[in-house]
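Several structures are given next for inspection.
Note that chain A is present in both complexes that follow, paired respectively with chain B and with chain C.
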Partner chain A sequence: MPVPAYSVYEQAILFIAALVVFTSFLMLGQKRLSGMIHLFAAQGALLAATTALAAYALPYPHLYVSALIIVTLKVILIPAMLHRLIVRLDMHRDAEPLYLYGYVMMAAAALVMFSYYVVEPIEHLSTLATRNAMAVSLAVVLLGMLLMITRRQVVTHVIGFMAIENGLFFAAVASTQGMPMVVELGIAFDVLVAAVIFGVFFFHIRSSIDSLDVDRLNRLSEVEP
Partner chain B sequence: MSAVYWILGIPFAGMLYQAWRGDAPQAGRLNTRLCGLVFLASLVLAATVLRQGTIELADLQFRVDAFNVYLIVLTAFVGTTTAMFSAPYMANEREHGRVNAARMRLYHAMYQGFMLTMYLVLTTNNLGLMWVAMEGATLATVLLVSLYRSPESIEAAWKYFILCGVGIAQALFGTVLLYFAAGQVEGMGEYGLQWSVLHAHAAELNPTVMSIAFVFLLVGYGTKIGLVPLHNWLPDAHSEGPTPMSAILSGLLLNDALYAVVRSKMLVDGSLQSQLAGHLMMGFGLLSFLVAALFLHRQRDIKRLFSYSSIEHMGIMTFAFGLGGPLATFAALMHMTVHSLTKSAIFVTVGHAAQITRTQRIEHIRGLLRTQPMVGWGLVLGVVAIAGMPPFGVFTSEFLVLTATMQEFPWLTPLLLLGIAIAFAGLFRHLHPMAYGPRPAGQAPVQANLWPVMAHLGIVLWLGLAIPGVLADWFSQATRLIAGSAPL
Partner chain C sequence: MDWLLALIQAVLFTLLAPLFSGWLKWVKCLLQNRRPPPPWQPYRDLRKLFGKRPVVADTASWLFPVTPYVVFCAAALSGAIVPFFAVDLPTAAIADMIVLVGFFALGRFFLALAGMDVGTAFGGMGSSREMTIASLAEPAMLMAIFTLALTASTTNISVAIDYLLDTGLALRPSFLFALGGLLLVAVAETGRIPIDNPATHLELTMIHEAMILEYSGRHLALIEWAGQIRLMLYGVLIANIFLPWGLAREFTPEALGIGAAAIAAKLGALAVALALAETSVAKMRLFRVQEFLGFAYLLSLLGMLSHIILEV
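Showing the complex of A and B:
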């Protein structure tokens, strides 16, 4: 297959897209909570880099604002908050066992291929770079879900959830040059409030079941004993 | 100034004020008054729309047409009557020490916050803002589900948060895809998320992208509707939160999520020229309907019982909107109205019943008619109405759905009839011992405000006997908007 001629911008986007998926894979393999938070911040930084790049290359000056929002929210604020919480809950040295590690990685690879399959029909619509970016963002969303499914730790679930939001942001930036400003602000607000509420929940869950293991959240079930 | 701004401004101001003074003794009454004011504003808005037709405001950010204006009035009405019920209910909870001052502030502020997000979902023309408001509704209610801080309620709230959060993220992906499709059409630019602009250009939108987008939107908002198999959060969240919360979740949130799906369907239908969206909705709707009807039989908690009944009815509505013809759409619109009125009335009586017996376990709730006849009869009549017995309005709308199904997909009619019969049996086997029988020792009546129940059931009865001209006209206009032609 001949390699089509990409502009420098497109090449850069593709490169960052690959790195974003890579961070998602690293998260799936990360045992330690603090390492997980660093990976999440790194993914946020990559996202901000893409946005700033798009703002510079296209040029869409309003994307600089989005990049700034991402840096404050996802690289600084939320990781710092999560870090403070796990220190206060005395969990920053905890490591979580990884179940069926090999299978999870295989499933993750399969999900990436599946995302390419889903966006396949959009083929003749736009440039190859956009299509790749779409597939990558869908893959990040699905890998975030996989992370939530395979882990038992509440903090990991929150990071998986936020990684899903990262994937959506990436889709919006790479394929449509960002959403309208009012929507972007609204989404950022929601993410911030969600992060605060998650923090509140850590303490509630901790005080009610004396651990942060979701397997022990099992009081409500359909069939009662 | 347009009534739309009042409808959004009053709950916003109310939220801020209640966050500060929501623990005062008169906070409950203030809550009711704020909701009542919004209800008046919604009536003004409805009159304006009836006279002038569709209103568009603020550079197409807001749009009120025949479809959403009636939902706005319904939302404001149910919000007001539930607030009337909530004031004495929460005062009672506080007397029994189940909530403290800080949680009362949280409760009242978030009640107004939730109403604000509901009005924003309904009035906005911008699909991105609609998503933001829908997520906002989750955030507003999640801390209310865990208001009592029991291990069960925290578990329920966590489940609600994670499932709805992840679910609704799918809807955002769908929204991005919509915006992407709009970007391919010349001259959409800035307005690529405005529903009215998208609808006008629906035929030019790329069908492949639109069909992928719809799948994501349906799964995303479908989580909020409580469609099987994405329904897991719903019974937990309804059963563990304070009862006024269950009433507005069931009566309002589910309707508004369905509203978002129907708006998306209108766009996709214009682009695809096929029945894909409709068939997906029919499938999910029918599955939810049948599964929830079966689950009714297994329930031991009274609020879980009625939340499964909500899933069942949302299933019928989704199915009817999926069928799509004028008759089915008319029926679905009417069913939305009667279901949310009946279901919130039922939750109000259930709240009183739970305070009388101090439990939510069905096997411990006995002899309601002997203890407090008003509460007992409210429950009996509510269940008779929700099970689809004539002469209540639920019967009329279910009958219309059946008629429409017989015209288009006759082979699905037996399934619908079977589901209705199963649900009927499931509700009555639990109702009978709760309402009848002797009064258990030590059970005393509580102070109850049953006006909301009577008003709701009265309206449902009225809709079953004769739909008033204004309302029928309204439903017809909305039907024309959604299905393309009028039913009558």
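Showing the complex of A and C:
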């Protein structure tokens, strides 16, 4: 269906969907941890905007609550927590080297295409105007995984993990009418708890191997050689 | 009548190009707290250069004096076919995007050859750098253009703009990405600040200036003029493809007047934006250019992907 056939709200939702996947790409290319956290917050804000738009346009009023949860958790609370953590760990000025930057970007583009081909047959089952965004949400999940695979910094891994959760949530909004409120609240608190536990783990990992580089975890052994 | 209009448009494009770059320089000077030369300063420079006898090195072959004319003709011809303030002119039949990219490549090819022709170190270095950048920028530009071509199902610029005017305002994510990609490519291809500094003759950083270092007199004037046309060409392309509103579609005096005013306003605003960007960004190391253009390619690719995924 050509774009002008959609209503303004549907156009806006698809437009923001494209921006969400773009933030995932920017995360893959971001060296600095603080920049990464800002990008994560921006992705959360875009996600909240999509949800609110869907709530207004489709109309599913309970999605307003989801949008509110996203804003408080993923735009304010978790980024603030992560930021405080990296300031306390004195890592907020660190820049992580990007390994095989060009290949990672190519792999990311390939993943987007892959998710399009995977999701295409499923899309035909849905009648929602926003069904095209399903491929985008799968792409965000896969890009989050790629981020976790290609980086060595624990904080980046956590952000990749949260980005995966963003993608899943986006899929729920775009392909159905949002998850039931109980499930949504459960996930939201899971994410929050995960963020807290990750914070504790950062300190443990650092005190045991004196670094947050995941690669060095491979070299742990019980007996000192 | 139509042909007369097309001719007027082509001549105006060529004549106004120095004014555009003069205006850009004027805004930039103001932003940097310097006293600006008047916007028509490039005309004075061109007149001065045309009045001087060109000096050609003994080692130069026939290629060296021919190149400025080829470069200028390629630039002026591409300026003639791009819709400037009206669409559906008779020249629109050859206003193909791929032809346009070909014209750019033709001018660049001759310039690079001429840079190496005399045999100085700087010329060769400039040519090598220019071709490196071009080889990275061209795929990004083509990708952005294909995004537009997919949307309008044509590679003809005039028909594509017609299509966009017919469908009216629509939020297209692919266009946003293509616009971003094309802006970055335009900055790289016209030798503006993060890639190349148009105002310097510092040996180690110059790219475009290194290539044309041996030129003087009217040869230099033609090359500079061609550069100004190319800058304006990118500006007009970006303004008219992504913001086509105001372009004249019938050839009445009012419509043409509105078209001219609209393109003047768009170009003026674009120049201000470019000047702001140039003032706030520092020049990039040469070896980071590939990251910059890789990002441009990524944007264009995302534009095409989001067109296929979200808009079809």
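Observations, loosely collected:
The rule is simple: the second predicted complex is superposed on the first by the 208 of 225 C-alpha atoms of A that agree within 3 Å, B and C clash if a C-alpha of one lies under 4 Å from a C-alpha of the other, contacts with A are read in each partner's own complex, and residues count from 1 in each chain.
Quick note on the criterion: a residue touches a chain if its C-beta (ideal position, glycine included) is under 8 Å from a C-beta of that chain, and two chains touch if they have at least 3 such contacts.
Since the structure is predicted, the reported quantities are computational estimates derived from the model, not experimental observations.
Chain B and chain C, once both complexes are superposed via chain A, fit side by side.
In the superposition on chain A, A:V200 makes contact with chain B only, while chain C stays out of contact range. Of the two partner chains placed by the overlay, neither chain B nor chain C lies in contact with A:L100.
Once the two complexes are laid on top of each other via chain A, the angle at chain A between chain B and chain C, using C-alpha centres, comes to 150°, given in steps of 10. Annotation for chain A, partner touching more residues between chain B and chain C: B. By the touch criterion stated above, A:V112 is placed in contact with chain C alone, chain B being left untouched. In the superposed model, A:L217 lies in contact with chain B only, and not with chain C. By the touch criterion stated above, A:T176 is placed in contact with chain B alone, chain C being left untouched. In the superposition on chain A, contact of A:A17 is made with chain C only, not with chain B. Taking all C-alpha atoms of chain B against all those of chain C in the superposed arrangement, the shortest distance found is 18 Å.
Residues 167-168, 170-174, 176-177, 291, 294-295, 298, 301-302, 305-306, 308-312 of chain C are the ones that touch chain A when the two sit in their complex. Contact residues of chain A toward chain C in the complex are 1-4, 8, 11-12, 14-15, 17-19, 21-22, 25, 29, 101-102, 105, 109, 112-113, 116, 132-133, 135-136. Listed in rising order, the residues of chain A touching chain B in the complex are 118-119, 121-122, 125-126, 134, 137-138, 141, 145, 148, 154, 157, 161, 164-165, 167-168, 171-172, 175-177, 179-180, 182-183, 186-187, 189-190, 193-194, 197-198, 200-201, 204-205, 208-209, 214, 217-220, 222-224.
Of all residues in chain B, those touching chain A in their complex are 61, 126, 128-129, 131-133, 135-136, 139, 142-143, 146, 149-152, 154-159, 161-162, 165-166, 169-170, 172-173, 176, 179-180, 183-184, 190, 192-193, 206, 208-209, 212, 236, 239-240, 295, 298, 300.
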